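All remarks here apply to the structure that follows.
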């Protein structure tokens, strides 16, 4: 119990005194997760739309596979991305290992199935008449997709928020691909893991609370997107 | 690249020869994740329904808080649960630390916001007329909730599959609360983390693939639930 | 001068704060920025093998030798050591206090006293496995009293104290544990100082023949710097909770 | 039993700043079959939702059997049912939709005959439609399935919001019969909103006009029929010497018709943009010697200023 | 310009095993205003969806301007618009719903007058309804907003699925005028499905009856008016000596009416369960000396066996 209280106090202290290590980790977290979210949304929204709206053979199987990928262990993703980015790997020359963009690749892979699966569910859940209505108003395939996604925005928001939660809390990829390098690729979660490993439980809890605070800020920023979408 | 191929081969070998360590980890994973899913669904579905269907003050704020909890780092959950379950903690007498049920408590906390947030989104996305229709047909509050959840089953499936993905892949809680004790609380993910730490990358990948296989089985089992819910 | 040197090391060097202490001094004196990833010993060596780091600093003599023999590393240099202690509950139910290591292990088995092993192929774990071997004992893999944690040292200590068991621990982590428990840890040192409990750290440069892109020049500068009298003195001066932790022993 | 089933007092309902309903006083007797007519947005659906206790009015009281109710009170819940203007079917088969309400009432498994009968009441062949899924229906078929799902419950109060919109003429006739049967067989009280004044006039005892949320004709007892008139109200020459509180308004004969269902005749009249109708034996209609487009006069109770 | 706008050949449409439509041949000329009537489930909505190229028929070809189209062909996409039977509004304000189609056509920001005009065409005050959100509408208002969103596009083909179901009578009249204006102003071709045969008869050039997916009257040129008849077809005594291929059927006068909009008169007739109508100047209707319920005879082209 003490750890929790101490952690709370410690969290405020770290933020108040602008602790450079904490802020460096926060920056790394924000950077890599932003990149990862951007990539996974850009890819995942259209793919999820196709998965939810299309009527092609094998669609159900594909959904099952995407759903299965929701259970991709982060360490597995970390290992696979590592295998590619390692100097000995096929993409070793890119020099992405132990960098934030490299880490973002792995996190985007983690987020992609979440965005896809939840986008598909959101699109499927829309009123059947929406697609017909858009076509009767003259929408092209692209306009249909865009408007459909916009009408499903509540569901997409849920998709994004969920994917964000995953990305921002994962440790496996950040350890393996990022490398938890101080001042460089140490994210808040790897810092928590490190502190916890050292037995600095209160410090770990403090960092966890700070991460939650970051998520709260992001979600407060999203509140207004929720407005106007329901009566 | 080699690791991936080796890992694939190794995965088959482990399964084929019925490797006892692997199966012990699989069993621990299945047990704890089943318990955790059960608990989070039993709590999360009704709470998510209230969050999505209710019209009470502060509902939007509550949703934001739940969404924020999607970014609860597993290590933080692990630490907090540990603080309670530790011999020195308030629930120390339960003797749940380093047991699978103890681990399941932590994982249920991880899954709960996922189930709640996605259930709320699914319920909100339903046709506005559904609730009125059920009331006009004479549904009590409980019957209303049950039927609404059933009508939203696609979305609830997404919620469950997502939460399952989280639970089954998380490491932080399994390490801290479960303790990664060989033959007892070592889950597939903690085994992966361990092997990776040892530098046994191929073995880590093999275990990751086995975990994915488990998820595939679960999802194939769910396919029939998808049937009949869309035209 | 300048440049970045990438190192893989075990968690203990990072957790104790040694690297946080050495790296800025090293950078000031040589202009080289030391970046490190702290992981299990096995993974650190594997990263070296894959040319993803330029230098490794680890403590698992057997694995290190293989690493060099396989051609992945060159110029292995012992730079310092600390030591392990055998911890247990103060009431010492297996009665190992005052015994030799071999007697102690036999007594643990006889009493089926709970023993928590790291179980993660870390330097500490390798040391423990070696101790069983030297004592002529089978590693009690499936015994119910032999708990294999597969976790870092600190969490293993927690596990041991929750279970009121014995465990092998490096002295640095024990200092921390002792301090966190206000000097009254639930586990106390029952056996220490035996020569076989020494924990030797070595620095190994990645073999440039195998890894053309490895920054061997920087790696060698670092290795030399650690082994230099100046580096060795810095190590000796490093204190945890006011106590010296590492003993420099570069030849 | 002299107490009215519904008593409404000082009912005002707002959507945001918009007032949608303003009914100072209203009573609905047991066993009445009431029609609600009025332009789009006049508040018909809102009133029906309030009578079904689905929506609580912004102000005022709605008493059902002398007591206020909410959606939770079992009496109201199981005794009153509303057919929504755009009915929603549960994502299941037609039969499951029909059986749902019965299941809620804990009456065990619905008997097959019961469900079949309900389908027949709305003109759907049980054999053909029983098997369909909810999306395998045309618009009118879906509406009729939804209605059947209400009829099968044999509710004490049946509120129907445009039950015949989108329904073909023979089915509209069946729906009319089913509505009247509900009153005869189990004494149901009905309130029916519709834009099909012809159908409505033939189905209900009296039509209440709604406009901008106001009941155009105040309906307390003795009810003044607002839109369905008696032969005594129709004059071929402008009447003089009316009693106090009565006015004569010029009207035009909009139509004369023969109703195949009961062989009776009917006169439709338009006065001040409002439709009135008179139902008589065919001979009497002919005996009036009216011509379409002809001018006539109606004598009505003077309406209080709105 | 002599080529018909639509040519349908061998059209069959199945839902699963159920055949919903079977139309061997159909042509719709440019600028025609066609009514579709028929019982629920007869295939009206299905036919409209196929004409809108939203659904591809199971068999057969539908040519638009001589070529087959899909939902992707820009001509069909932007030239043809359908008002769904249960219209769906986008989750935005009324104005944004109206402007959406225009925006898709890349015509830049919709001008305010344009949108206001479209609302006025369907009888909604722009000032009052422009600001509303999609859920702040009554059923009839929502239908009219959806219609306005089609009219504002000035489409070449306007397919309306029950545009007046749930709409009040004055608005139905406005919708009728708006439909006819579409033909006059920009030469639109209209196909309108409705159960309100009175309204439909007054709106369209000819009514095609659908039953079980079959067109009851084959409509190729010269079109045999199926439901709207000419005065020559009506006989007060049973006619003899008809030409070959013609039959007389007994009918009953269902109604005589005066239409306030244009002051004309109208005779409704029922023969073999089907409704026919005759529109004449009011005097001529009176001159026929008909009475409601009276027996008469219709002379019709002999129908080939189905």
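By written order: A, B, C, D and E. Residues from 1 in each chain.
Convention: a residue touches a chain if its C-beta (ideal position, glycine included) is under 8 Å from a C-beta of that chain, and two chains touch if they have at least 3 such contacts.
None of the values given here were measured: they were computed from a predicted structure.
Colleague: From chain C, how many touching-chain steps at minimum until you land on chain E?
Modeller: Minimal hop count between chain C and chain E: 2.
Colleague: Which two chains have the most contacts between them?
Modeller: Of all chain pairs, the one joined by the most C-beta contacts is A-B.
Colleague: How many angstrom lie between the CA centroids of chain A and chain B, rounded to a whole number?
Modeller: The mean C-alpha positions of chain A and chain B differ by 17 Å.
Colleague: Measuring centre to centre with CA averages, how many angstrom lie between chain B and chain C?
Modeller: 36
Colleague: Between chain C and chain D, what's the gap in Å when you average each chain's C-alpha atoms?
Modeller: A distance of 86 Å separates the two centres.
Colleague: Just give me the whole-number Å value for how far the CA centre of chain B lies from that of chain D.
Modeller: Centres of chain B and chain D (C-alpha means) sit 52 Å apart.
Colleague: Give the residues of chain A touching no fewer than two other chains, as numbers and ranges.
Modeller: Expected reply: 89, 127-128, 196, 231.
Colleague: Among the residues of chain E, pick out those that touch two or more other chains and give their numbers.
Modeller: Within chain E, residues 86, 135 contact more than one other chain.
Colleague: Indicate the residues of chain C shared as contacts by at least two other chains.
Modeller: Only 39, 155, 158 qualify.
Colleague: State which pairs of chains touch, listing all of them.
Modeller: Chains touch in the following pairs: A-B, A-C, A-E, B-C, B-D, D-E.
Colleague: Contact residues on chain C for chain B in the complex?
Modeller: Contacts found on chain C: 39-47, 119-122, 142, 147-151, 155, 158-159, 161-163.
Colleague: Where on chain A is chain E touching in the complex?
Modeller: Where chain A meets chain E, its residues are 127, 129-130, 132-133, 135-141, 143, 147, 151, 228-229, 231.
Colleague: With touch defined as at the start, can you tell me which chain D residues reach chain B in the complex?
Modeller: Touch residues, chain D against chain B: 49, 52, 54, 71-72, 74, 77-78, 80-84, 86-88, 90-91, 100-101, 104-105, 133, 135, 149-150, 153.
Colleague: Can you name the residues of chain B that touch chain C in the complex?
Modeller: Interface residues on chain B, with respect to chain C: 86-87, 97-98, 175-176, 179-184, 186, 190-191, 194, 196-201.
Colleague: Considering only the defined contacts, which chain A positions touch chain B in the complex?
Modeller: 1-4, 7, 60, 63-65, 67-76, 78-80, 82-84, 89-90, 114, 117-118, 121-122, 124-128, 154-155, 157-158, 161-162, 164-166, 168-169, 171-172, 176, 188-189, 192-193, 196, 201, 204-205, 208-209, 211-212, 214-216, 219-220, 222-223, 226, 230-231
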